[in-house]
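Two complexes come next, and they have one chain in common, chain A, joined by chain B in the first and chain C in the second.
Here is the complex of A and B:
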């Protein structure tokens, strides 16, 4: 099971960064940002562009983050300045990014095997753990600052923020830029991990991200875990489940359905498992009192 | 009592999943029934990594399995399909590495690129197929050199010869249209190749890109205005909507040429090119050389398909007002 577990951990950590990014918009800001599907490959193609021009992998990866945040800025402009509905703004950004991604390198698949990456000379999983933990810690610190609190407040109760004399739009902007920057970062990491940037990388990525966030929310529901921790555990769990499904060697056509069924089973057990023991305890106590 | 029911349902669900996986676990493994003389008593395990369900890719897989059986090699096939998900493709390759397979057969570019990453640091050989340009995809550094345990059979078509067919199909033809998925790198490669070859014979290519199947009717409209013929490249999106493309082209009176015989079955006028089933068989031959004959993989450079077939669709031919004695149809198999 060794290489398979390792691969699911590695892919899980890359998606953990993605999940933290999506958590900011979908969960905290309550903004359904669909541009993620375009921003993820954007990170990959920006990285590819820079690395093929001879820039070092670290700077190229950071460039991906930067360009990702610009994508967030685009969605912001569409939503706030042009007053287009949130969902549509994200979709429009995603559509624009499809062409941008193709233009960046002039091709839809950029092989990166011959170029250096952030994983050169080090254990891949070690680098990924460092990045995921760093992102988590920085995000936790940020969410405890004044700006962070106002960001959370904007998602919870925009009117309250406005009544405090703050411009809620400013926090939406920060949230969108941060979120898409992280998604692009995740895309750049994935490109280096899989060895190529591919235009279809982003297809279905929203499902993966949201599933990771929700699975993370449901694990140890009653434990007091930070949002960022939940995003990371959710992504790892989701990928691990996928690996189990593949390792079981099920009929290839059933792969997707089995994946979903395992997630459902896992979530149901988690939802009803802990409540079960609570109910049992209560019944036992009541019985004792009789 | 309510929660007992829920607990029951959950445990039934869980056990169903595990039962299912236990039962169907066998279908993903195919034991090769070797016919004819067995070469030796060794049983090999081959991991087949297919990227997506698709007639051409399915044909390659079948061709590979059939040829291994015909040659009498005792093989246990582990068949996995990434269902179009790149991360799955990687996990599938890693699973094969973990299972220590004797060889990985990868079908299509994305599965092959993913497998390349997985076999790094191992000595598992890899044979790919249904890849148009392995140098562009960096599967190999040079088409004639195999130095990283990776070789295979490309699905490149005889472009120049196919474009020349147009000259026989329509007198004084000047511009040929191509419809392709902008998101497929293999298609870009083919469009560029077509442009190159077209220039050599005095023709112009007018490519129209699509990003979804819904764009096809509009694309065909544009092509019929600017071009006098339609060249069908091996593009997954176009291939999956072939009946529609063929029908629209026929309506607009555009002669169509493809490199894939299965397209002619769906209505394309004439095809001259590779058979995906055959390149699957060719790949199996390479695999046999590596596993049974113990040939060093570095001595097997990437191969092109060694069988060209020609097919014509009789109905489409009549609809376009052409006859069997047209030069373009010489030596072709006629289907309706």
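Here is the complex of A and C:
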């Protein structure tokens, strides 16, 4: 059971970085960015490419962030410059990235066990906590700056941003690049954690990311916390729920469906939960009157 | 002073649904507050969209205090033009607090940087501005704007739009969505703001009474032309209503070509 908890925490922390990235587009910019499904393995493959060429693990991980943000730039160009709808822009980037990912190392599966990683010589969980907390703190600081607030305002009301004399597209670009950079960073972390980069590791990752954001928002509904804290908590909780499901004997083949069902359950709770409790309360009151 | 010269604009040009909104339209605005009246679809909002750069005309010049702003993009025009919309949420960022919204408006058309947005030394100044609105907003600085009422939100929009003293203020039926009492309050605050800061203002309104009471000049547009242009003191509510009602609602939008 202890291994189960530790594994959930470790994977949860990797997904926390992913969730913070997706939070920027999904929650702040209100942009359904599907390119994440391609950016997550991109981070892994970029890391694999660099590390196999003899570059040190820290630089290789940072390179993953950089290339990830370029994927964000691609989605931006498709959406803003070529006026393709947001959802389709993301899907197109994701499709392009599938080929890019295969091309990067010339194969669909790269083993990384023999190469050094950011976890060498230190406790894995400690490194992961440091990265997740650093990303959270940097993000919190950024969102308090003038540019950070304009990013929030762009997702909220573009007309206002324009009326402040600013080009709202600039903030979409910042958001998309930052988001995809973080997703790729998370992908690079995952590759090092599991010891390989694999082409299908991005499949369904958008569900994991959005699930983390939603779970975080649901369980911390009434707490006055920052979005980043919610995303991290959500990722940890979500991973833990998944781990418990496996521990209870659910076939790993069914895990994706379970993941989606968890999201559906939380979303439905958000929509119908308050009504249900109202009905319950009313029934109780009526019962009392009788 | 705003000059609109030889303005032409049609929608769906070149198709069987072509609608001509303006053809060779001219208007000069010098007064502090000009009420723009007209039936639905006569082109009032399109005129505002053209002035603020949301819609580009086929032909014509927009000259603001001697500067031709034709080529300026919407966000570049914001430096000179403030706009308040009918929908109170259009002028604010609902998920941010009052303080954050005002701080953003205070930076309008300056360089936005990686510095902290909230400057504590400015809070007192913002409180004074909010206090002048008489809605108790000065005590709700950290309340998210989405939790405010429509009237509170609209007065905040107005304050934010006028904050950097724009050369032109466009009010697009800005009290139409409010209850009569709040509407009156916002109109009074609007007038106070315009007069104390002497901002050239154009105000779209369907409320004949308000238009006469709060503006210095009345311009009525119909079929893409100015059909009435008088000083507010020279016309009565009854006369203006008469002219209004003599128009067919909906139809005067330029005939389909």
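One rule holds in what follows: the second predicted complex is superposed on the first by the 249 of 290 C-alpha atoms of A that agree within 3 Å, B and C clash if a C-alpha of one lies under 4 Å from a C-alpha of the other, contacts with A are read in each partner's own complex, and residues count from 1 in each chain.
Assume a contact is a pair of C-beta atoms (placed from the backbone, for glycine too) under 8 Å apart; a residue touches a chain by one contact, two chains touch by 3 or more.
From a predicted model like this one, the values you see are computed outputs, not experimental measurements.
After overlaying the two complexes on the shared chain, residue contacts for A:156 are found with chain C alone; chain B is out of touch.
Of the two partner chains, neither chain B nor chain C is touched by A:30.
When the shared chain is aligned, chain B comes close enough to touch A:265, but chain C does not.
In the overlay built on the shared chain, the residue A:248 is in contact with chain B alone; chain C does not reach it. Touch criterion met: A:199 reaches chain B, while chain C stays clear of it. More residues of chain A are in touch with B than with the other of chain B and chain C. When the two structures are aligned on the shared chain, A:120 is found in touch with neither chain B nor chain C. Those residues of chain C whose C-beta lies close enough to touch chain A in the complex are 73-76, 78-79, 82-83, 85, 89-96, 100, 103-105, 107-110, 112-118, 161. Chain A meets chain C in the complex at residues 142, 144-150, 152-153, 156-157, 159-168. Chain contact summary for the complex, chain A toward chain B: residues 1-4, 6-8, 11, 98, 102, 107-109, 111-114, 193-196, 198-201, 203-204, 239, 242-243, 246-256, 258, 261-262, 264-265, 268-269, 272, 275-276, 279. Listed in rising order, the residues of chain B touching chain A in the complex are 3, 6-7, 9-10, 13-14, 17, 20-21, 24-25, 27-29, 50, 53, 78-81, 83-88, 90-92, 94-95, 97-98, 109-110, 113-114, 116-118, 136-138, 141, 182-185, 188, 211.
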